[in-house]
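Chain nomenclature is as follows: A, B, C and D, assigned in order of appearance, with residue numbering initiated at 1 for each chain independently.
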Amino acid sequence: MKHALKTQDAADLIPDGATLLVGGFMGVGSPHRLIDAIVAKGARNLTIVANDTAMPGRGIGKLVSAGCVSKIIASHIGLNPETQQKMISGEIDVELVPQGTLVERIRAAGVGLGGILTPTGIGTLVEDGKQKITVDGKEYLLETPIHGDFALLAAYRADYVGNLEYSLTAHNFNPIMALAGKTVIAEPHSIVPVGMISPDSVKTPGILVDHLLERAA
Amino acid sequence: MDDKEIIARRVAQEIRPDTLVNLGIGLPSLVANHLPKEVHVFFQAENGVIGLGARPPEGMEDPDLTDAGGAFVTAVPGAASIDSAMSFGLIRGGHLDMTVLGGLQVDERGYLANWMIPGKMVPGMGGAMDLVAGAKQVIVAMVHTAKGRPKILKECTLPLTARRRVSLIVTEMAVIEPTEDGLVLRETGPGVSVDDILTATEASLIVHGDVPAMRL
Amino acid sequence: MKHALKTQDAADLIPDGATLLVGGFMGVGSPHRLIDAIVAKGARNLTIVANDTAMPGRGIGKLVSAGCVSKIIASHIGLNPETQQKMISGEIDVELVPQGTLVERIRAAGVGLGGILTPTGIGTLVEDGKQKITVDGKEYLLETPIHGDFALLAAYRADYVGNLEYSLTAHNFNPIMALAGKTVIAEPHSIVPVGMISPDSVKTPGILVDHLLERAA
Amino acid sequence: MDDKEIIARRVAQEIRPDTLVNLGIGLPSLVANHLPKEVHVFFQAENGVIGLGARPPEGMEDPDLTDAGGAFVTAVPGAASIDSAMSFGLIRGGHLDMTVLGGLQVDERGYLANWMIPGKMVPGMGGAMDLVAGAKQVIVAMVHTAKGRPKILKECTLPLTARRRVSLIVTEMAVIEPTEDGLVLRETGPGVSVDDILTATEASLIVHGDVPAMRL
């Protein structure tokens, strides 16, 4: 059983310089209250692993605008011109990863794989510096795991064990990142007593979740 | 009919019933509007839904249900919401029947470049590399030229999206099929001659006899 | 939309010599009606990929007893003495794979990976004949994908699109095998009209399922 | 108290509150019976449930809810049902706090052999190799000797389960901790002397001063 944390107390767990896996796709399914609290406390030098950086003023975009971020590993930054400017100016180091490879690299970290072989990126710039391995006559890139010090998740509903349900396209990277953060903090819309969620509806088992944020006001 | 509508209408004809189709952002997303009512297709949005539906009526949006461009959508009966691992598992595992993508360049090998212009536009590849590497059929939907310059080249000058021959190129001027032997001109666009196409195309095109016109 | 097939018609789709991924763990979550029909039609020379062969007279054990099987890839055959006898007599070729590696190899096939790197099996007989790859100073085995001509699944509930839900410990290998069979046949307890299953409850999207068996009598 | 009960009781003392624990079939499964009521633990059954509960009352079994041995079980409030990819993802990804497994042999390196006897018993490794490779803590729970012959050896003669030093060996005679320097004798079993243990053990044991007795 976990007591729900105040948002600010959760944000205070995260030190400058940490690597954060942050759920969300263009801000949908991102832990918005937690992001606001991280901005408010003036975090610095964070590495953000996420699908994208949303747009200025929204979700992960707020972390970028506030100068909290020194490195980003993402599949897409095209809708956030600030991220692109900070990349060009050298303020933020950006590593671009194909979306499917990104989610598999995070999953690999979460389930204890040393890497995965994928055809995505073969014959492209994504090859650079990577080992190529041939299996059954076909060439693959060896892609290595991406671990996070923290995983920051948005969820639809939780119980006080930490079991999580997600809603519609707000699943995205959240269930996978839940596996790959050393410390996992989940921000649910609502929290119900233990036993109220059917075992078959649980998408992230509570034993993966270290901290639960209080429910949305 | 404007260029985009020509392209969207023509691409729509390629979609077979009961398949899973992913439409890229922008021009490709228009294809859904031209699908005959009797053709049942599941559209995938790679951010996590199979069975993408129309835009919701105003005031009935769900902030947790958007397409890959971030626009509010609905879902059809029989839809499934999935996480990114399942979504790209479907794309990369060969379960996606067709993807329709925009293009910056395509070349004689049928290779596509559509994700970056070095020094100018570095948005990231998003799901494009996975889609081109993994989908059963890849259709490139794009206007034939950019500012009067050909986009179908001998060899792409921009960074490739994948080393995979795409299935079909559909522009407002032509339908072109990349094959082992090169690019075959299959159809001409409305009011366009074969010579017009050859002039607007840097790549060599293989022309077999009389080339039929698109039926739109 | 799919019309539900009679069990015998589904079994008739499967030719002798096919490789079948069969869901289930000691018979729980196995497609029992389909197995009975395959036994009844006298299938021969099947390759079975499954966690185990249950026990004589139950689930996959029936395929073994009936002489339908020439090869088995499984993690455990210890509770089925017939499988062990047929392995020793040479009637059945058995490849033993650690359970976690087995499910990842099937998943790799299903999601288009050329292989995965795992520490499981390092320093054991499982190493034999496999490539070892070092990542970040740690040694891993390269394990390759396992594809099936068919995946035979048991599910709790389906709709006529083929969307599937599973129940409790009857999930096991089913949702993963759904990704890796060229033809996927699902045997649900019940089938409901399209639209009756919440998109968030679907664990196997219907587009993966080629054929649906009629509901249980 | 019989040998199995001694072992199960002693192993139960190792379990910390609010952890995720996997108990193997047979002897290890008895450990759950000896956990103090106030210690809340989630038990995992690797066939797909977190929060394994007691046996159901007769007539209230669900054929879709069993443990990894195939026995009917229940699930506690807050349980989650998971597929095999998630189940072994938890085990292999380092999310399982402890596994308790039976053993055929353990050696001075702390390596375990528990999955086959060539030519005699080839049941398959099931989840054992994943559990030993992936769990944070691996406890071997076994009787000290088999038909009077030591099971704790200089080097395992049976095929290894993994090349990983297990965390603790608990028998009815001793608690032994494999360390970088070798096997350290931590506790003696009821009515057993250090000499008895040394005699029943082929491997060298490191003995530091007075070895305390198990407190059961």
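As a convention for this text, a residue touches a chain if its C-beta (ideal position, glycine included) is under 8 Å from a C-beta of that chain, and two chains touch if they have at least 3 such contacts.
Everything quoted here is computed from the prediction, not taken from an experiment.
J.: Which neighbours does chain C have in common with chain D?
T.: In this structure, the chains that contact chain D and also chain C are A.
J.: Listed by label, which chains are in contact with chain A and with chain D?
T.: C
J.: Give the chain pair, either A-B or B-C, that is connected by more C-beta contacts.
T.: A-B
J.: I'd like the Å distance between the centres of chain B and chain D, where a centre is the mean of that chain's Cα atoms.
T.: Distance between chain centres: 55 Å.
J.: Please work out the Cα centroid separation of chain B and chain C, and write it as a whole number of Å.
T.: Going by mean C-alpha positions, chain B sits 35 Å from chain C.
J.: Rounded to the nearest whole Å, what is the centre-to-centre distance of chain A and chain B, using the mean of the C-alpha atoms as each centre?
T.: Taking the mean C-alpha position of each chain, the two centres sit 29 Å apart.
J.: Which whole number of Å gives the spacing of the CA centres of chain A and chain C?
T.: 32
J.: Hunt down the residues of chain A that sit against at least two other chains at once, touch-wise.
T.: Residues 104, 107, 111-113, 118-119, 166-168, 199-200 of chain A touch two or more partner chains.
J.: Counting only residues that touch at least 2 other chains, which ones in chain D make the list?
T.: 49, 75, 81-82, 85, 88-89, 92, 133-134, in rising order.
J.: Please give all chain pairs that are in touch with each other.
T.: A-B, A-C, A-D, B-C, C-D
J.: Looking at the complex, which residues from chain C come into contact with chain D?
T.: Within the complex, chain C contacts chain D at residues 25-29, 51-52, 74-79, 84, 87, 96, 98-101, 103-104, 107, 118-126, 156, 166-176, 203.
J.: Please give the residue numbers of chain C that touch chain A in the complex, ascending.
T.: Touch residues, chain C against chain A: 104, 108, 111-119, 133, 135-136, 138, 140, 142, 144, 165-168, 199-201.
J.: Using the touch definition up top, name the residues of chain B that touch chain C in the complex.
T.: My answer: residues 18, 20, 40, 42, 49-51, 75, 77-82, 85-86, 88-90, 92-95, 133-134.
J.: Residues of chain A touching chain D in their complex?
T.: For this pair, the touching residues of chain A are 1, 107, 109-113, 159-161, 163, 179-180, 194-195, 199-200, 202, 205-208.
J.: Show me the residue ranges of chain D that touch chain C in the complex, using the header's touch definition.
T.: Residue positions touching the partner: 45-49, 62-70, 75, 81-85, 88-89, 91-92, 111, 121-130, 133-134, 159-164.
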